[in-house]
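Notes for the one structure printed next.
For reference, chains read A, B, C and D in written order, and residue numbers begin at 1 within each chain.
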Amino acid sequence: MIWNSATYPWPDGKRAAACFSVDVDAMAPYLWATRDGRPDTIATPEHRAYGMRRGLARMTDMMARLQLKGSFFVPAVVARDNPDLLPGLVERGHEIALHGDCHELVRDITDQQFTEALERSIDLFVRQVGQRPKGFRSPAWEMTPHMLAELRRLELWDSSLMGEDVPYTLNGITEIPVRWDIDDAIYFKFLGAGDKPPRSHLDIGAQWQSEAQSTLRHGGLFMMTVHDWISGRPARVDILEALWRPLVEDDAIWCATCGDIARHHQTLTDQPDHSLPRIPDDTTKGFSQ
Amino acid sequence: MIWNSATYPWPDGKRAAACFSVDVDAMAPYLWATRDGRPDTIATPEHRAYGMRRGLARMTDMMARLQLKGSFFVPAVVARDNPDLLPGLVERGHEIALHGDCHELVRDITDQQFTEALERSIDLFVRQVGQRPKGFRSPAWEMTPHMLAELRRLELWDSSLMGEDVPYTLNGITEIPVRWDIDDAIYFKFLGAGDKPPRSHLDIGAQWQSEAQSTLRHGGLFMMTVHDWISGRPARVDILEALWRPLVEDDAIWCATCGDIARHHQTLTDQPDHSLPRIPDDTTKGFSQ
Amino acid sequence: MIWNSATYPWPDGKRAAACFSVDVDAMAPYLWATRDGRPDTIATPEHRAYGMRRGLARMTDMMARLQLKGSFFVPAVVARDNPDLLPGLVERGHEIALHGDCHELVRDITDQQFTEALERSIDLFVRQVGQRPKGFRSPAWEMTPHMLAELRRLELWDSSLMGEDVPYTLNGITEIPVRWDIDDAIYFKFLGAGDKPPRSHLDIGAQWQSEAQSTLRHGGLFMMTVHDWISGRPARVDILEALWRPLVEDDAIWCATCGDIARHHQTLTDQPDHSLPRIPDDTTKGFSQ
Amino acid sequence: MIWNSATYPWPDGKRAAACFSVDVDAMAPYLWATRDGRPDTIATPEHRAYGMRRGLARMTDMMARLQLKGSFFVPAVVARDNPDLLPGLVERGHEIALHGDCHELVRDITDQQFTEALERSIDLFVRQVGQRPKGFRSPAWEMTPHMLAELRRLELWDSSLMGEDVPYTLNGITEIPVRWDIDDAIYFKFLGAGDKPPRSHLDIGAQWQSEAQSTLRHGGLFMMTVHDWISGRPARVDILEALWRPLVEDDAIWCATCGDIARHHQTLTDQPDHSLPRIPDDTTKGFSQ
């Protein structure tokens, strides 16, 4: 399989695909990080509050100008605390999908806790908007075999891994792959002295435009991920608008939600099912002790 | 409130606002960091001395060329050690405001120590220039509910938080929000091997110009923060002059001090009072132990 | 020798040389790092799987378009786990060479373990493609005197050190020097929160183009190193194609494999044999205790 | 003194000054860091060996093309181990000055050890080139009051501190100030995984050109510092040549060595003697315990 150079069969003669996804983390990662005791300092929660007060509306206003429908991954705690969020997203025509209960990190929870949080989140979505979510993205983009098995049991697609740049099947799961290099948080997130200074939105905008061109030229999926409180700032919304306008206007590109893409992938019958990367048993066998 | 897209009502038909603020830290953070024992090495204090010897004058000369009035936040220890500082700033028409006594970090002090330092600083300002300061900015931009309560008690506006990009009201306090991405220290501060190498002033200048354009296009507040010993260097002063000249010359932009902006905000009666971000009690309730 | 400004004698009147080398690490560094216990999380192995699923084919397709032959350094564990890899590289006309058994780090193994891994790797290459590899590159580019002695015993050239920018002889070993600043991993490798965010491929592409021009103008060796799972991404392959097309089309430049270059160097009789950097015994002798 | 905007009186009607300085560290910092026990790994010493094998000659060849005389700061251990170094620099018309014995870090040595290393270094310079050095630069640019006192006793100028951007007098010492932001090591030094990836020489070249223009426009001293094994690489030498050619060709700029500048400064009688930054005694006095 190493030497496979086949291109992915997009629908309707499209040459490539692009998806605008939003991880609506808001306060959730802070709540998780401080779950065993909250400091009385407020700079971080107040900074994160920017997303719900201003950033998300500015971003969805921009998407409305472009008639661009996105995939919004919402931790249940954010939906519970902002009851207008999920209904407002649905009303605007966007896809909503699962992103944990409290953005709990995989390394911090047991298999059972993952399953309970997943089911609790599904229940909340059903209660708030009357529809069962079809897809999942892991907080911090980490997965385990148990998580894959649970997604399969609940018939959810996944969008958390990076083993391809087109949709693929992994242990029976439909995977809509993400990419760190088209995520805003790794470049722009800055909450204080320990973080790396934000990169220039001009440089990142140029990098993303070039990456979009290359990904689409190679027939891949341009899967962008942004966050409410990070990319809702004025200049970042403006570079997103400049980046996406030519994509939505290009007939050769399929601008679609994760759900659209997953449904298409499930209609294909000739795609291989990649198993998890095989971990050779003998990696250190030859090393004398 | 999530879906609010309203623009802020600036005075006199202005479309947006811009504020040039200077945190005159000078030696204060070094004094605080070494308060329990000073090494005999002098590279850091000598490097910081650049601000009072050269950098501040070069910066205020540039501001005079632009007829730009700034907001200068001065730790009391810096004013005590440089008795010409506050009078010279007032004489040049700039606003002066509080920035702690010795740039003491919030995490290092008790509530009582904060209150005492605040009152001590106010007394010093009154003694040195005969006027009571009207506003406060927290060292390192951290706050607590106690600090907010004390600012309310002493009728001070605040400029330390990031929950909006226009002035807002938080627990009754008028907040003139700051932004990490328009602060010079996170990009340029370099005191030795542990720090990140300074970014190019050309890249940051271009980033800030674009950020200014976007912030103003969206009707926000372009709140820049610089430091005496960091941005007083030749090329950094030059990019600031190139950045601010078109802003002061644009009739649609209100170039104002923090105090001007706070006074305007307090005349508005229809602005919501944001409470501190609500921290849901049940964030981890669902997780079985 | 300090003041030596002589240029290196390239063959056939060539002015300079360029070599495209690929360290096909794939899963090996992960296997080594987790050899004492593997977590059940899969984001990292799945991310690394991208190289064998997609990245390597995209890279060799690009090289075929340029008719560029490269030097591929393959850990034995990668060849064992992907039996089509070495034969496929040989079939495409590329050079294959040694890169450890499991990308074992020098600091983690004994001299004896190094020797055993080296011999085990040679055996595997012979079994899989019927040819004995001629050269070696150390995982993570670290070496010891023992390793140099073993390479000399087994008559292998080396490509792991940086003491020159032309081929040189070190303790009797032919060294084809590498350069950190023309390696993709230090700029682009990103596996999660602990890593530095990837730099823009546009900036790095421009930097490498300029570096190539300067290195070639000075008569040096432009030794580039990339990785299957890092530079197989669309935009990175595209900048490599843009970078190398003018190099392969320039008659004054010798585009060659490490093996070609080593063979040429061994025909020269007037080159000095650099010994390892001499470590003066008296470095701290003068310091009173 | 805060509000002083006076420009510095350069000689012969020059508007500003520029100095090209080289810290010839070579192997010295490695020897110091490993003085208590050397690992058997050779990547780092071999990488540093590049300077004496290739980098220094490439740099001085470039300086000869520009007829630019530099100030070379050489640790004694490097001169001892490379006996052609100091004579070769003197023969080429460059200034040589002190840089410690083994690049010993200030924090690692006693006052007495500093004095002994300083005197030992002076003796070596006298033995090797028959002239007593006139100036000193501290390894890693750190100083103490004891070091200043010893420089005064031995009538040496200093070039290690950053309290001004023109020559100044500090406790009776003539200080030719350095600047981190025009040093190559903080941007380009990369010896392995723990270091920050090197920045693009294109970006840094542009930053330095702009910084030179601004510093000179403001009448300051453009004091650049580079290292043999870092900036001797091809593209870095090329950007230095492009940067310095217009400076040496500009009649309004005084391109001079540190020694030239120190001698000029000592002829001025109206310059203030800055004392070390005053450390207020009462910095934390007001904080209740």
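The rule is simple: contacts are C-beta pairs under 8 Å (C-beta built on N, C-alpha and C of every residue); 3 or more make two chains touch, one makes a residue touch a chain.
Note that the structure is predicted; figures quoted are calculated from it, not measured.
In the contact between chain B and chain D, the residue numbers used by both copies make up under half of all numbers at that interface. When chain A is laid over chain B using CA atoms, the rotation angle comes to 90 degrees (nearest 5). The greatest centre-to-centre distance from chain D, using averaged C-alpha positions, is reached by A.
Computed centre separation for the pair chain B/chain D is 35 angstrom, with centres defined by C-alpha atoms.
One finds 49 Å separating the Cα centroids of chain B and chain C.
Along chain A, residues 196, 203 each make contact with two or more other chains.
Every pair of chains meeting the touch criterion is listed here: A-B, A-C, B-D, C-D. In the complex of the two chains, the chain B residues touching chain A come out as 1-5, 106-107, 140-146, 148, 160-165, 170, 179-181, 186-187, 196, 199, 203-204, 206-207, 210-211, 213-215, 217-218, 220, 274, 276-280, 282-284, 286-288. By the touch criterion given at the top, residues 27, 31-32, 35, 38-43, 45-50, 52-54, 56-58, 60-61, 77, 80-82, 84-85, 88, 101-102, 104, 109, 112-113, 116-117, 120, 188, 190, 192-193, 196-198, 200-203, 233-235, 237-238 of chain D touch chain C in their complex.
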